[in-house]
Structures are given as C-alpha cells and as structure tokens.
Amino acid sequence: MAKLVTLGEILIQFNAMSPGPLRHVNYFEKHVAGSEANYCVAFVRQGNECGIISRVGNDEFGYNAIEWLRGKGVDVSKVRIDDSAPTGIFFVQRHYPVPYKSDSVYYRKGSAGSRLSPEDVDEKYVKGADLVHSSGITIAISDTAKEAVYKAFDLAKSRSFDTNIRLKLWSPDKARHEIMKLLNQFHLNFLITDTDDSKIVLGESDPDKAARVLQNYADIVVMKMGSKGAILYYEGKKYYSHGYTVPVEDVVGAGDALGGTFLSLYFRGFTLERALDYGVVAGTLNVMIRGDQENLPSIEDIQRFLREFS
Amino acid sequence: MAKLVTLGEILIQFNAMSPGPLRHVNYFEKHVAGSEANYCVAFVRQGNECGIISRVGNDEFGYNAIEWLRGKGVDVSKVRIDDSAPTGIFFVQRHYPVPYKSDSVYYRKGSAGSRLSPEDVDEKYVKGADLVHSSGITIAISDTAKEAVYKAFDLAKSRSFDTNIRLKLWSPDKARHEIMKLLNQFHLNFLITDTDDSKIVLGESDPDKAARVLQNYADIVVMKMGSKGAILYYEGKKYYSHGYTVPVEDVVGAGDALGGTFLSLYFRGFTLERALDYGVVAGTLNVMIRGDQENLPSIEDIQRFLREFS
Amino acid sequence: MAKLVTLGEILIQFNAMSPGPLRHVNYFEKHVAGSEANYCVAFVRQGNECGIISRVGNDEFGYNAIEWLRGKGVDVSKVRIDDSAPTGIFFVQRHYPVPYKSDSVYYRKGSAGSRLSPEDVDEKYVKGADLVHSSGITIAISDTAKEAVYKAFDLAKSRSFDTNIRLKLWSPDKARHEIMKLLNQFHLNFLITDTDDSKIVLGESDPDKAARVLQNYADIVVMKMGSKGAILYYEGKKYYSHGYTVPVEDVVGAGDALGGTFLSLYFRGFTLERALDYGVVAGTLNVMIRGDQENLPSIEDIQRFLREFS
Amino acid sequence: MAKLVTLGEILIQFNAMSPGPLRHVNYFEKHVAGSEANYCVAFVRQGNECGIISRVGNDEFGYNAIEWLRGKGVDVSKVRIDDSAPTGIFFVQRHYPVPYKSDSVYYRKGSAGSRLSPEDVDEKYVKGADLVHSSGITIAISDTAKEAVYKAFDLAKSRSFDTNIRLKLWSPDKARHEIMKLLNQFHLNFLITDTDDSKIVLGESDPDKAARVLQNYADIVVMKMGSKGAILYYEGKKYYSHGYTVPVEDVVGAGDALGGTFLSLYFRGFTLERALDYGVVAGTLNVMIRGDQENLPSIEDIQRFLREFS
Amino acid sequence: MAKLVTLGEILIQFNAMSPGPLRHVNYFEKHVAGSEANYCVAFVRQGNECGIISRVGNDEFGYNAIEWLRGKGVDVSKVRIDDSAPTGIFFVQRHYPVPYKSDSVYYRKGSAGSRLSPEDVDEKYVKGADLVHSSGITIAISDTAKEAVYKAFDLAKSRSFDTNIRLKLWSPDKARHEIMKLLNQFHLNFLITDTDDSKIVLGESDPDKAARVLQNYADIVVMKMGSKGAILYYEGKKYYSHGYTVPVEDVVGAGDALGGTFLSLYFRGFTLERALDYGVVAGTLNVMIRGDQENLPSIEDIQRFLREFS
Amino acid sequence: MAKLVTLGEILIQFNAMSPGPLRHVNYFEKHVAGSEANYCVAFVRQGNECGIISRVGNDEFGYNAIEWLRGKGVDVSKVRIDDSAPTGIFFVQRHYPVPYKSDSVYYRKGSAGSRLSPEDVDEKYVKGADLVHSSGITIAISDTAKEAVYKAFDLAKSRSFDTNIRLKLWSPDKARHEIMKLLNQFHLNFLITDTDDSKIVLGESDPDKAARVLQNYADIVVMKMGSKGAILYYEGKKYYSHGYTVPVEDVVGAGDALGGTFLSLYFRGFTLERALDYGVVAGTLNVMIRGDQENLPSIEDIQRFLREFS
C-alpha cells in the first residue's frame, strides 16, 4: 500500500440543481471538493493511503469537509482548523452557456485554504510519503500556499503535479510563468495536464508536440482529452486510451478522478497503460453526477464497466 | 436601441418535473411564458427595448407575470389587470408519448389574456415602436384579440408575425383561413414559421417551396427546423443555419427564443445571416431547461457557445 | 356494509409546496380532490361502499382522478368521460395571508365536472344506495349539476348534505337562496355545516341557535368548528366532540374527512356520538398533510390516536 | 376482451433519485413493481383484463401495491394479505458502475410474495383465463411459489413465460436446471427471453441459434435485445423489430413493458409482427422514467410515437 | 406617494432547506436579501416608491439581485455593477443550536456591496427622496460604505436608521462607538432597534429605559420585540403592538419587514400606531417562510390577517 | 478522554419525506442509524472516543454506514463486513396515526447486523474500554447478538444498558424475561429506560416506583420522559431535568441522543445532574430533524441553547 500526500485547498461545492445561468437556479446541492482532495479520495478508493495538507475554517463547512474526507478514509490529521478565515466555497453553473461544460464561481479569496503555508508542511509526514502531489491551483491561490508546495516538493521522494490552470485565479501569463518556474526547479515523476493548459504554458495545443517538450520536465506525462480520453507519454512511448460517450451532468472533477485513479493504480502495480485505461473510466463515471468524489469507482466497478459497457 | 411592441397572452406555465404522462407526474414547476412574452424577453436580452400589450387576471399568477417580466426589463405598462377573468395557464407534458417533444394542456379559455381587445391598443404606443410583433396564437384565442392585432398592425411602422399554429386552439382550416386573411391584408417585414405550419397554411411542407409562396407576403421569411436549425429567405437569397444536438429537457419556447433573438440582433445591426446563427443558438440553449425565458443568452454567451461548443 | 352515492365534481388539486403567496411558490404537488370524492374515500376507508356520479375530461387529469379513486375502492362506473370539457382543477395557497388557513384558486368554470347533469343520474343506481350525499358546491357549479342533485335526492332512500359554501362560486345571497330552497324541498337525514355557512344561510353564527333552526330541515345536524372540534344535534340532544391541536399543513378537505368518516361509522353501527368523535380525529389528521384523501385513517388508526395522543 | 392471469411477487421499488452508487444517493422514489404486476398493467393498458395471483404483507407497502394495481384496473381479488411476512421491496441503483444499466438490491427473502403457494391458485379463476403468465423470478423465489406456477400451468388454457433470470435469486446452474425442467413439462404458447438468459439456459447467446432450440418448447419465441429492439420467431418465421435511441433514466421493467404490450395486442387481434413493433415502443418509453408502470402507453400513444418520432 | 432611498448591500441568501447544522444540510434555496433591499421592497409593497443605492458584482448573482428588485418595483437605477468584486452572499442555518433562531454565515468581505462609497450617492437623487434610510450593517461593512451613509444623511430631507447590529461584522464596542457617533451627528426622524441592540449601544435592555435615551436622538423610536411584537415611542407616548404565535421557518428579515411596512404606511397617511400594528403583521408573516421579501403583505392581506387570524 | 465500546446493529434509515401513512409517501431520505451507533456518535461529539462492534453487509448500504461513522470519528475497526447477509434497514413513518410519534418498519430479519456474535467481541478491545454499552434491541435481534452482549459485559470494566424495547422485535413477555435475566446477571453502572419500558419490564409505569426497583440493578438510573425531560436516580437522590417544546419532525433517536450525551459528559467530568440537563437538550434538538445523528450538539451548542432558548 502506497502513501500519497497532497497539498491544496479543500472546498465546499454548491452545485446547481438545474442547468442554465445561476441567476435562475433556485436550488444548490452541497458537496466536498477541491482538486487535491479529489485526488486523495481517488487514491484511497483504489486501495492506497492518502493524507492532505490543508486548512479549513473553524466553521460548519470546514467540519463538513473534515468529516467527509475522514469518512472516505483520507488522513485528515494535517488539515488545520484556521480560526481567522472561512472555508473556501464555490458554485457550479452547468451546461450554460456551453452545453456539457461547467463554470465555477469562487468565494475563496482570503479563505482558510489559501492561508496554507510552509509551516503546515510537516517534514516527517512528507518524507514518509511515496508520492507528493499538488496542482496549479495551489500555487495560484496564494504565495504562502505556493511556498508550501515548494517546501513539500523539496522534501518529496517523488512528485506529481496537475497543471489545472484556473483563469479565474491568475492570468495566462502568470500561470505560464509560475508553472515553468516550478517545472524548472523540480523534476517531476508525473505531470498531468491537458491541451488547454499546454496551450497556455507552452503555446502549444497539439498534444504530441506539447508532450515532447513536457517530457523534459517529467518522467511520465498524461495529457487529458475530455470525452476523447487521454494520452500517456513516457520513455519515448505514447499510449492512447479512448474515451466514452455518456450523459453529462457536470464535468468538474473528472480530470482529478482520472489522475488520482491512474496514479493509485500505478502504485498498486498496474502497468501505466492499464492504469490510464482505468483512470479514463473513473473520469467518465465522474461526469455523470454532480459532485466530484461520489462516483469514484473501485477496481471491481471499473472492471464491470469495461466488461459490460459498449 | 430599437423598440418592439408585441401583442399576446402572458401565460403561467406548470412544467412537469418528470417526463411521462401527466397522470403520473406529481410535481410541477412554475414559469412565466407565452409566445409574445418570450419574444419580448429575448428582445430585451439582446439590448433592445420591448413592451407587451396584454391582460392578466387580478390574481397571484397575474402579478407573478408582471413582476417577472418587469424584472427582465420588459415594459409592462400596457399589461392590463382584468378583474373579470383569471390569468391563463398551461401544463407541459414532456417526452411522452413522443420523446423530445412536449404537449401543452391549456386552461386559458375565457382567460384574461383572451380578453385582449382593440381598446388595449394605445395608438401612440404602437406608433412609437420600430416593430410590432404578434403570432397565430393571438389571432386564435379570441375575436377581440385578433382585432387588437389588426388594429396594431394597421398602426405599425413594421410588422413581424410568427405563425405558431396551436391545433388545440383552432382547426387547421380555421388556422389557414385566418392566417391567409392576415397575410393578404398586411405586408409583413418578418414572417417566422416552420414546415408543420406551412403544411397547414399552404399545404406545402417543403421549406423552399413554402418559402417561395410566403415571400409574396413578407420581405424576410424564417423557416424554423427544430434541432436541424433554420433557413432564412430574403431578396431571393437563402441561408441555412445548422442546428445542434444537445440534451433536451423541454422544447416549448425554443422557436420564440430563436425568433426573438434573431429580430433583436437584426435591429442591433447584425446581418440577417449572423442574426439567424445567433438565434439558432438561443433556441438550442432553450431546449435544455424547463421554462421558456430563463436560458435566453446574451450576445457574449452566444459567442462563447460558438467558440467552445463542438 | 352500507352503500353511499355522492354527486359532485372530482378535481385535481395543485397544492403549493411552500407557504406564502402563490406568486412566489415555485413547486406544486398534485392530488385528487373534490368534496364529494373526499366523502367517498372516507366512506370506503371505514368499510362501506361508495360510488360517485361525476364527469371528468378526456384528459390525463381525468384518468388520474379515475385511477386514483378506483384504487381507493370507490366505484367509478358512474364517472363519465366528457370529451367536450377539461377536468376541473384548483391551486391551494397555504398559510397566507392568514396563518393556518388555505385559499383555493379555481380553474373549474365550464369544466367537465360542472357539466354533470340529470341524465348522469342512473335511477336504479341511486335507488340502490343507502344514502345519497351532495354539497353546496355541486348546486353552485352549474344549473345542470344542481338539477342532478335534485333528481338524485328525489330518488334517494336517505339524504345527506354538506353546505360547503364557496364564495368564489356564488354570492352569499345566491348561496342562501339555493340552500334554503333545497332544504325546503327535501327533508335531510344528515346536514353537515359550520358556523361560517350558517351565518350566510341563516344570519346566525351561534352554533346552538343555528342548529335549532336547521333541525327543522334535518334529523341530524353536525356543526363543524375547525380545530375546536364539532357539535352534534339530534332529537333535542347536543353532543360536543372536542378538537386537537396539531401542526397544520393544509386545512382543505378536513371537513369532508370529518363528515365522511362520521357518516360511514354511523352506518357501521357506531353511536352518533362515537362516530363524531372518530370523525373529528379524521379531520384532525387531515390538516397535517397536503392533499385531502391521503391521511384518512382506518378505525384502528383512529383508536390508536385516541389511545396514544395527548 | 381477453383475460390474463399472472403469478408472481408484487414489489415496492425504491428508485434512486440520482445516478451513482447507492451509498451516495440521499433520496429514493417509491413505485409499485414486480415483473408479473408489470405484465398485468400492460395487459390492461391495451384493453384486456388481467388478474394477479400474489401475496403482500399486512403493511402499508402491501396496501400501497393493492391500491395502485386496482387503480390501474388490475383484478386484485386474488392478492392475499399475508400477516406473517412483510411485502417484498427492492432498491434500484442507476447508471453505475455501468452507464445505462440498473442494479437491483432486494429485500425480499422470506417476503409475503415469496410465500405464494399452490393453495393461492384458485382453480376456477385460472381456468377462466385466456392466458396464464409467469416468469423465472417466480420459480426462483421459493419452492411454494414454483409449485404454484406448476399448478396454474397445469390448469391453463394457454401459457406464457418470461425467463427473467435474476442472478441475485439463484445460480446460473439452478436457473438453467429449473427453467429447462419447466419447459420440458409444459409446452408454452409464448416464451419471452433475451440473449443473456438464453446464454445461461442454453449456453447460446446467438439469438437465431437460441431461438431454434427454444421453438421446440414454445410456439412463439420473443428475443428481447434491449435498445436494439426484439426478434420474433414462430412457425419458422423470423421478424426483427428495431429499437430506438432515447434518453435512459432506468431500464428496469422495460422487458415487461415489451412483453405485456406484445401479448395484449396479440389478444386484441393484432398480427404478431405489429404487436411486437408496438411492444418495442412500450419498452422504449419505459426506459425514459423511473418506475416500471407509469409510462406504459395506450395504443393511441404508440401510434403517435410511430408517426412522429424519428 | 412617498419616495424612500436606502443605502446598503444587496445580498444573495442561500437558505438551508432543512433545519440543523449546515454541515448536514444538503440543499440550499436562493433568495435576494439584504436589510435595505428588504426595506425597499416593503416600501413599494405598501404603495410608495423606493430606490436603493448599492453595488453588486458583474456576475450572475448581481444580475439576479437587480432583476428581482426591479421586478418588485424597486428603482435599481442607482445599483452599480462593480467589475472588481463579487456580489456578497450568505448562508442561513435555521433552528440550530437554538430553536426558532437563525444564524448567518457571510461571504461578503471585500464584496461589491462593501465597496459602496460616497461617489455612488447622487446628490439630486437623495435630495428628491422623502426619506433616506440605512442601517448599522451598512456602516459596519466598510469605511466607504459608512461615508456614503454620512453623505446621504447630510443631504436627506428626513432620516431613518435601523441599528441592525451584526456581531459577525464588528465588535460590540465598535458597534456602540459608531452608532453613537452617527446618532450624535444626525437627528433621526425614525430609529428602529431592538433590546439586544440597545443593550449593546446603551448598556440597557429594558425597552422603556432604552427608548427614553434614544428619544434624544430620534423623533420616533420603534423597539422590536420579536414574537412579542413591538413598542412605539414618540412625543412622550408609548404604544405596544402585540405579536402573534405562528410556525417559524426563518426569522431573518422579519425586523426589516416590520420596519419597512411601518415606515411605508406612515407615509401613506396611517397613524403611527396603526402603521406599527400592520408592520408587526408583516414581520409575523415573514417568519413563516425562507426568504426575506416573498411574504411581504399588501394592505389588503394585512387587513385580512387582522380580521381572520385568532 | 474516555473510551466507550458499544455493541449493536447499524441500520440504514429511510425516513419519510412527508408525514402520513407510508403508502402515500413518495420520497424517502437515507440516514445512518441504529441505537448503539447513535450512542457512539453522541459520545464522540462530546469529546470522548467510541468504537462499535457490529456487522454490516458487503453492500452499498454497509459501506455507507462505515464511511459515515468513520467520518463522525467513530472507530469502525470492529465493524465486520459479512458477505452472507444484507445490511439491515428500516423505514420511518412520521406523525401518523399519532401526531408527534414515529413508527418503524424494519427489514432487518436475518440481516448482517443480527449475525453479530461472540466471536466478534475482541477481548482486548472490550477490556480497554472505560464503559461498555448495549441495549434491549441487541439482545432481541438474535441469540448470537445477545451472547455477544453477555460476553462483552463479562469482560467490561463498567456497563451501560438502554432497555429500548421494540415490540416489533419481541413480545412483552420475552422482553421482560430477557431484560430481567440480564439485570440479574450483571450489575449495571448505568441503566437508561423510560416509563413505557418499565411498565413492560416491571409492570410499573410510575417513574419513581419503577426507579426504586431498578436501582437494585444499577448504580445510576435515567428515566426518559419524552418532551417532558428526564429523571435521574442515584444514591437515593432524584433529579428532574425538564423538557422543552419544539417543532417535532421525527422523535426516533432522541432517547439515544439523550443517553449518549449524558454518558459522555459524565465521563468528561460533568456532574450527573448537569450531564442530564445537557442530554435533554441533545434529545430535544434531535426531534427537530429527520435522522438520528445529524443534530447531535457540541457542548458549546448546548450552552448556547441553554442561554438563548426560552
């Protein structure tokens, strides 16, 4: 059983009960979310251990996050209750104005999660992990959060990073600058990204061309392609795992489901190719519901999907 | 900024919360609807002004209609509160017995809206409008409502008409007779129709053949084709704007979204072709939700749809 | 086992999911209702038989009504499908503007139910009944419906009448005139009323004084007092059955629950006093839910209520 | 008008309000279900008569089942209230882990329905039926239920059987053994099955090959193919009725809708081919909703589907 | 018809669909709120005019607020769209841990509404008002908002102030200091407060004693007493208007309903006493629903309440 | 920090979304429940540790139970996944036929939880606990479960027992016999009961008289009185803690909330009297919601209740 440690903000998600512009949505459904929390739950769901280094507010939403993740088997001993700021939240607008896409409206500025800082990074805890994971979101939310990632990556046995660029958090220029800086400083074991992000970071949206560059910075590159699946690049090889067409409720979190499942199964001893195939199934199931963590499948579920879905 | 005036009944819609025959639907969702009200909201959403000449009952549903439309920016100063009759309502049965289609069950006989009459048509108000719009529904609901349309069209600078034949309101023969009579009396600037209606009016369901005839009565003819898009005919030209495949919740009101958006953008200075393309997007988004006016997109929303939806 | 026949309109009720003015109620819950239908279901629930003479439209709501009542054990063989008019409906506004009271908004003018007529009154069917019941609503909705009641009362072995004055259907003067006319023409076995109605009919809201007059027209008079219970007058005796304080969701239908349960248990051989006590419990339970027929209790349920509720 | 008698368990279904694993489903919607009950309702919906021989518990869910089926026009006089066991229930998990498929979680072991026994089979009642129908579920739930089927098939004028193998109720071996035993004992008029079941029973999943064998046991064989439609085999003929692509909410009950509609229309005098075409439409509409009986279409509904759906 | 101008933040409220701690509330209902917006809607509901000076974000929630208030008849011409900050929001936790009380969880720090500033105060607009109203919330949310109130009060013909102390926005000391400073600077025509607030401001929770002091600063003092009603003090007189016991859903906004209705009716020519009686009814109805503005009654509604509620 | 170990069945509860007989309830809400699980969560909520010895099925509901309880901080390491039986479930019917009371409909016969057996009782685990708790439910569900309680009580440092008689699980005679047998075998530190149960066990419903007898078997006796509060008896003393009147949603679980909170606070060092007062508040809050564990208050919440509720 491998152990992952992630760093990032745990958010409470308020997902629109009906599609369309939020002004006309009357009801919202609450979920626990946040990219690194999603990765953690996927990691545990596949039979490994995972802890998250994070902060939440001393409020109902913060306790909500902790209880949920603990229930899911995530180690929450490093989630700090921060009395001075509220738990970050966001709203999800679905299928509008672009069908099959979701928009996020954040209320996370100055949140407890954005106050994540190097002091939260317990040296022993991080060194004990087989893999340390974070994302572009964490280095975007605040300078202290970014520094926490740098500290953890410094201490890490191996590193995984999901570019996860959110243009509501920083400009394309800032995103490119910060991500390249991180890539230049740390060699990654895993780099998970997509063509939108590689266009911003490298000015290159062709997956093969982008991957060629990114492989200079990471041993294994995963290029997510939405409903088209994903591509894996490593040791000069390329493996394409096709996607599936299913009814889409909300795509938020699908990439994390793919990434977390892929990593976890790799650490369970799966080949990279098979781990990716399974990750794509996890991402596929994820888009069928509201919420990011409720549809994460077990290995048996994925196998049944592969056997019966056509 | 152009000003549109429409004449027609504002209805309260009770949309089935689940698909299937109404006898087994337990919950209904309330919306403000009515074809001409839909046109008005679309007109305002695209940056023009619009007022509606109508009547509602002196009841909660009537005030509901007025408050909603006023909130949307529609001029409701010409909506008369009629103490002697209730606000018209209807129920929407969805996806049964024909998937992707909706049926309407009206309770509008003798309604306040059907009591619309020439005395409600303020001469100055109508003359001040850049365009006067009504539909086959209004001339079907009562003789006085029909006379109101005739009076307004007499006074109008320019005229738009949507055939909108509802066979629960009149017979095909009556519909043909009344629509042809109107077309013979008033030259239209805009005629918006579809192949079902042209089959009834002209006995012709081929769009090109039907349009050839209809262009004798109108400068610009728009032939709506449901999920297949729409065709524009004017000055001997033909322009086809393709449709989109999206998840269908309720198709009621999609044609109004298309028509109202098209007209409004034309008055904003768009070419007819581009206005139609945008109108088709508005109609497309409209079928994804219950309710007729909640998903009407702004120009920016449409542009994002066109950029990102594939 | 006794057999009751009632005459009256079966309605579909759309009950507001939240209290307050209907303009701000977004969701409505569908139920089968109508005073005489409520009486029927209560009659059957207590172990007797009941049939209703009525009309519904040839529409989903009409079939809804028939299927529901048949399921409840009501004989619907005399419910005629009328192709020429829709099933009557109404909306219920709850707790506004008067807490604990409900308002009805009818869409029943010209409905199928209002087209009930003497031709619907099967002579043999009515003569076979132990009791024929109708109400002030039925004689208010149309002349033909009133004539149907007269015809049925003419043929009846015994008669029950609930004044049930609805001021949205007729004026106080008209109500008084018509009810007195009926009372003068037919001696009733059971007259069920309340102080609001006796004030309109007799100008007398004191229950004892009103009952003194009404006993000239009926053997047994039941005066409903809302949450305060009910009073029974017969053969010079008076019996007061106290009410109960419970959470109120919707009071519509409570009087019918009381009346129907009372009558049915009397025909099961209960004393009038005990039948009334049980009827008051039925009325009490009825106000705790939306819908008029779903909370009608069995004898065992009532006994448990009486044993355990304090 | 033909009369069908079915034997089987009536169940209460709790259908997940949202897709995904049941641990994360918070709300469940109640329906009346059970394969033979579904057949009954379909039979009645197409204008024939149907009675069900069954048992339910002396509890709210049992009365729920009886009232619903009686409302639908099913003869429930042979549904026995069994004081010694509860009404059987099940939960439906939708779209997980396989999109477009549903899983059932039963709480029916030792249920009232499983206590169905030969003593419940009224000889005269069964002999009066034009067709007696049951399924693999009934012979799987208990020995006494199986014996009841044998007794009824012994008495029956003609017989219909739906293999309906539920691997949560018995092993493939047991299913094969019992179904073959039944087929060997009784010649069937109608055998309704699918390729999954024929694979278990005959080791053959090719529809034509399986049907070739099954025709030794039944005059008419219907092979259900899910969204691909169904194939009919009789007198050496084969007829393929294509399926339809529609939005899938829950597939449970679709096969019963197809089978019941097919049988009923055949008894109404339709050709087998046309009856199958209509049955496929009934099955198609059934997958669009939660619940098994609410979307069963009338003949007119099916005709409108065939005319307008493309 | 009088004209009121208010200054304050318009908020979007997410009200818990079920009582209890927010961590276990899964669904939230969206409403438009904010104390001064509530006052405005109450003012308009009673037949006067009202405009609000405020800011909202350039986001769906901001447009939601504007459309809703415009629909209600509020003049929103002075609501500025602020591109640099989001619309303020809050969550309502109900009945926990104190039954019948509600807690607010704000996400309004740095919101558009808190950026209200003196430059938003149009001199002519404010001078044209018969009354300018604001509250302790507005002077608490930011220095610029406070300055806007001072500027408006400087220009105002007459002034109304509701202490509305929110201890999540400032400390008791700060609240006392700021409110006393404002009272010392401007003589008020109306001061609306309650005993909790007077305890903080004056250290005095006895209403009579507190009012004695407060009358030095305001002509008319209204002391709200929750479900016990309210007391009016002016020209040495005292008038107690008793409260009512009704089912409580959410008390948030009840004080605004009382205050706004009271002021509006006073400007309609009611005596202060009768205006207060009516205001208490408005506050009473308000606690029966979620949302602050949906249950604001018309004069006729209040009169019916007073006539029929006992 | 004290450690409690409980033995009992964890159940999934399906709570009726609306009051009334279950046949008319369409929607059900899922919760994790079971008396000993409720005790555990209350114990943890007050700052102690708690583990539960139990079994659940290898199914979604079983994992649901484990994840929820782990989230709440309960040690689930001794909850065994039993492949051979399903997780026990029950339905809650509310406010019918007795207002303010709830009825449970169990589907727990042969459930995984009822298969709890002495082999599940880890000697070291039980000996390590400061208190071992179980209830009349556990000794009623199966012989092996009863034996598990006996084994654990044998090993226990101190013992707590809640009579919790469920007449759907055993007869009064059997309940009396088994409870007296247990009381005779083990001296209890805490005995928690109510007057209904003492009537069954001792034939005595007067709390003082019953307590006099029960004190022979237990050091501390708590007599629960529903909305009237509770009485504590120990060392010849009696202490009455009064109840509170609040809106009742569902009373199921209130006694567990009281008992678990009382015990936990006693172990936190509170006096018995103050622990009981706080326990009564916990029970009071519990009746305001559906679900048994969601409204369990923290010490701070209880203190705020006591300070502000009147």
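Worth a mention:
Chains here go by letter, A, B, C, D, E and F, matching the order in which they are written, and residues are numbered from 1 within each.
Note that in this section contacts are C-beta pairs under 8 Å (C-beta built on N, C-alpha and C of every residue); 3 or more make two chains touch, one makes a residue touch a chain.
Please read all numbers here as calculations on a predicted model, not as lab measurements.
Each chain's centre was taken as the mean of its CA atoms, and the one lying most distant from chain D is E. Here A-B and B-E were compared by C-beta pairs in contact; the pair with more is A-B. Using CA-based centroids throughout, the chain positioned farthest away from chain C is A. For the pair chain B and chain C, the distance between mean C-alpha positions equals 43 Å. With centres defined as mean CA coordinates, chain F is found 40 Å away from chain A. Distance from the chain B centre to the chain F centre is 61 Å, each centre being the mean of its Cα atoms. Annotation for chain A: residues 21, 24, 26, 67, 247 touch two or more other chains. Across the assembly, chains come into contact as A-B, A-D, A-E, A-F, B-C, B-D, B-E, C-D, C-E, C-F, D-F, E-F. Those residues of chain C that touch chain D in the complex are listed here as 67-73. Contacts from chain A toward chain E in the complex involve residues 14, 17, 21-30, 59-61, 63-64, 67, 86, 89, 93, 105, 107, 109-110.
On the chain B side of its complex with chain A, the touching residues are 244, 246-247, 249, 284-285, 288-291, 294-295, 297, 301-302, 304-305, 308-309. For chain C in complex with chain E, the residues that touch the partner chain are 18-21, 24, 95-101, 247-248.
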